[in-house]
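Across the two complexes that follow, subunit A remains constant while its partner is subunit B and subsequently subunit C.
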Partner chain A sequence: MKCKLCNNKAAINLRAYNTSLCKAHFLSFVEKRVTETIRKYKLLNKGDSVLVAVSGGKDSLSLWHILTKFGYAPEGLYIDLGINGYSDRSLKKVLSFAKEVKARLWVVSLKEIFGLGIKELARVLKRPYCSACGTFKRYLMNRISMERNLRVLATGHNLDDEVSSLLGNLLYWKEEYLWKKNVVLEEYEGHLAKKIKPFFLISEREIAAYAFLSGIDYIYEECPYSVGAKTLLYKEILSRIEDQSPGTKLMFLKGYLKRLKAEKEGREQGPVSYCTICNYPSWGQKCVFCSLTERLDIPYKFEYKEYDFSK
Partner chain B sequence: MKCKLCNNKAAINLRAYNTSLCKAHFLSFVEKRVTETIRKYKLLNKGDSVLVAVSGGKDSLSLWHILTKFGYAPEGLYIDLGINGYSDRSLKKVLSFAKEVKARLWVVSLKEIFGLGIKELARVLKRPYCSACGTFKRYLMNRISMERNLRVLATGHNLDDEVSSLLGNLLYWKEEYLWKKNVVLEEYEGHLAKKIKPFFLISEREIAAYAFLSGIDYIYEECPYSVGAKTLLYKEILSRIEDQSPGTKLMFLKGYLKRLKAEKEGREQGPVSYCTICNYPSWGQKCVFCSLTERLDIPYKFEYKEYDFSK
Partner chain C sequence: MISILMPLEFDGKKMDIEKPLRIRQLLKKLSLNPEDYIVVVNDTLVTDDEIVKNEDNVKIIRVVSGG
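On to the complex of A and B.
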């Protein structure tokens, strides 16, 4: 198998693009797709201050790597979920990566704030782990990007994350979530940071190869609570379809984006209301996070640590 | 495992309904679901003349059986696709079933009309088998129900057929097909028979069990050209999701029907145009069937046979 561009030995075969590429051409292929996504969907402007949410995995560290390489000088945010062993090992990877890219890293810890890790919080709140985790992470990411005045929040969600969640929303026609997925979610000034997903159109396999070939030292372990999660089944299933019909995932997501545009044009945006406690956009008087933490009945102080490797 | 209704030995476990039933209660469960579907979606009125399209498989013969049992006195239509051996074996099953229910059966044969079976027709027309087969079958079913003045055309499409095709339409966002799937497709008087799918909400597994327990003698073989068809992959995949989350298929299809209603309300129906050759509804000047048969350039005479076992 040879690189279609230079005839050197190919490092990867990309069936969805009907091509094979060597290491150097593959790395620039991924980077070009990311920078094109950023341009085409207006994710970032020069001078934007960016916070990257990092878990220590291949996606978020590759994103931090690429954004740094292309001059966006992002800061990192690590949310310590207090998962035995796993969270410490992840933090280690994140810290050493932050040192390497000479960046500033923010670390916020559930245990330090609430005295409980995500597993215990979910149990007390009687919520499935993944659902509680999502709520806490969304809140913390947003709060810290607002407080640090980092107006754009970037996450490493990849094509497989997006199509598997899209499939779940379609199987159960979850209209309340179905039309809310996008490459970019606009800012609500003073309330909500702009959220971007520069890896929206890049597959998990491509990013794993990118991280590996770039020598990025990331954590291979999956979150121990994700075992049996439906999204893993959906990912596997969609990969089987992709195997038989390469390009399906991309067509699925791009077709969705097209449809989304039509959906939005047909619909008026209702007025946005804000949580009376934290001031973030909310459906009801209180947002989900504030309703949950009220039920926790633990007096907590919001704090986080700074590691500045930029100097 | 015991029947939830009578405590006798259960014949089947229905996880989507969280129940187990004995043979007698399972048979009446399926029949009740069919008659309720007929009532709720206004599929049939008393006195409607019905043509059931039968392939010799479990779905279509079970449908013929149930419609006969509930007094609709349907006639059968078998389309002989001219598939070596398979078509003859299927016809045999259909003929002996027709004798058993003492009904009239119409048999139309591609080889007798065009001198070619579906495989050869598809090759000459450079169409994938399943696509050509669909076009010919749709045309023939409609033509014969119009000619025989049997105003309602019933097919054995089951829940699994519907969700797998729905999944395919969603993965590729085939908007032109996506919103055309329904339990009932209304008649265009003089042009198109009313089409109904009474098994829309009944799974393949349920129908297989129904046919088996009712002693219906059907053909087990799948069409030899369906091997590797995408719908088979989709069916398998959706059954895996169903295994993990019973009820998913039903929710997927019912959610779709709800959404379909909203879609239709938002959209005006464009004026219908008719094929200038055969007078059936068509997007262009000529319908797909007439465009294809024109390209065939074979002078053909439309004919079919009658087997009347009703006397």
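On to the complex of A and C.
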């Protein structure tokens, strides 16, 4: 197969775009589409200070790489979930990547805050691992980006993550979540940082190829608790559909964004309350994080480590 | 004999092939959906029409993550 642009040998075939590209043309194809996403959805402005949440996987490290390449000089945040072996191995990848891009990295550890890892914390909250994990990650990402005054929080969520969660929301008609998903969530001064997903329209396969071709050393291993997660089942089914009808995933998600716009215009935001301790949105007086620190008798302030490789 | 390396799945598995075959057919033989993998032959990322022969090092990388 040849590159559609230069006739050199192709490195990847993109059936959704009906094209095949060589290494150089593929890398610039991905970068161009990320640039378009950033511009179209107004994700970033020149001079924005950015915090990238990194797990050591292909998505987040590629995102850190690409935003660095674009000149945003993002800082990284790694959340150590305290999962035996897996957390240490992923932190190692993140640290060596931070050194390579000469960036600043923040490391916050659940075990250092609570004396407990995610497994134990999920038990205390009587919640499934993945749901408890999501709650802590969202809280810590937001709190640290606000504390560090890094106004934009970027995550590596990709097309497949979004499409599979959209499918899940539709299958069970979770209307309370359905229209909350977006490429960008605006800042809410004093409460929430601006959140962006520059890979919203880029597939996992494209990111894996991008990471490989850019020489990014990421962790292949999956979180041991994600085994059997529903997301993986949805992804498997969507991949089979994609294999039969290339481009379906992209169409599904773009159709969602189009409808989201119409939906948002006709709808008022419901009343939201905020945690009386930390100002994070919450259902009751206190958010999940602050009520847990109270319950376990842990101080409100916690420490996290700084690794500055930028000098 | 081609060496197939699939990080974390069939790490280091070896497979004998009678005659050269295309990546597309190799994935089919292994019952893998091509949408879920990228394939690296002798350290180069290749498309699925690439032909592998004995003595090639094939790395099949799964692209799906738990999220």
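We adopt the following convention: the second predicted complex is superposed on the first by the 293 of 311 C-alpha atoms of A that agree within 3 Å, B and C clash if a C-alpha of one lies under 4 Å from a C-alpha of the other, contacts with A are read in each partner's own complex, and residues count from 1 in each chain.
The rule is short, and it goes like this: a residue touches a chain if its C-beta (ideal position, glycine included) is under 8 Å from a C-beta of that chain, and two chains touch if they have at least 3 such contacts.
Nothing here was measured: the structure is a model prediction, and the numbers come from that model.
A.B. asks: Now for A:Trp179: first (subunit B), second (subunit C), both, or neither, which partner does it touch?
C.D. replies: After superposition on chain A, A:Trp179 lies in contact with neither partner.
A.B. asks: With the two structures laid over each other on chain A, which partner does A:Leu233 touch: subunit B (first), subunit C (second), both, or neither?
C.D. replies: first
A.B. asks: Of the two partners subunit B and subunit C, which one touches more residues belonging to subunit A?
C.D. replies: On the superposition, C touches more of the residues of subunit A.
A.B. asks: So, A:Phe252: does it touch subunit B (first), subunit C (second), both, or neither?
C.D. replies: first
A.B. asks: Which partner does A:Lys58 contact after superposing on A: first (subunit B), second (subunit C), both, neither?
C.D. replies: The answer is second: A:Lys58 touches subunit C but not subunit B.
A.B. asks: Applying the touch criterion given at the start, work out whether A:Leu171 contacts subunit B, subunit C, both or neither, answering first, second, both or neither.
C.D. replies: first
A.B. asks: Looking at A:Tyr41, would you say it contacts subunit B, subunit C, both, or neither? Reply first, second, both or neither.
C.D. replies: The answer is neither, since A:Tyr41 touches no partner chain.
A.B. asks: Do subunit B and subunit C land on any of the same subunit A residues, and which?
C.D. replies: After superposing on chain A, subunit A residues 240 contact both subunit B and subunit C.
A.B. asks: So in the complex, which bits of subunit B are touching subunit A?
C.D. replies: Of all residues in subunit B, those touching subunit A are 170-173, 175, 230, 233-234, 237, 240-241, 244-245, 248, 251-252, 255-256, 258-259, 266.
A.B. asks: Can you tell me which positions in subunit A touch subunit C when the two form their complex?
C.D. replies: Per the touch definition, subunit A meets subunit C at residues 1, 10-13, 20, 23, 57-59, 157, 160-161, 164-165, 204-205, 207-209, 212-213, 220-223, 226-227, 229, 231-232, 235-236, 239-240, 242-243.
A.B. asks: Subunit A touches which residues of subunit C in the complex?
C.D. replies: So the residues of subunit C in touch with subunit A come to 7-8, 33-38, 40, 44-50, 61-67.
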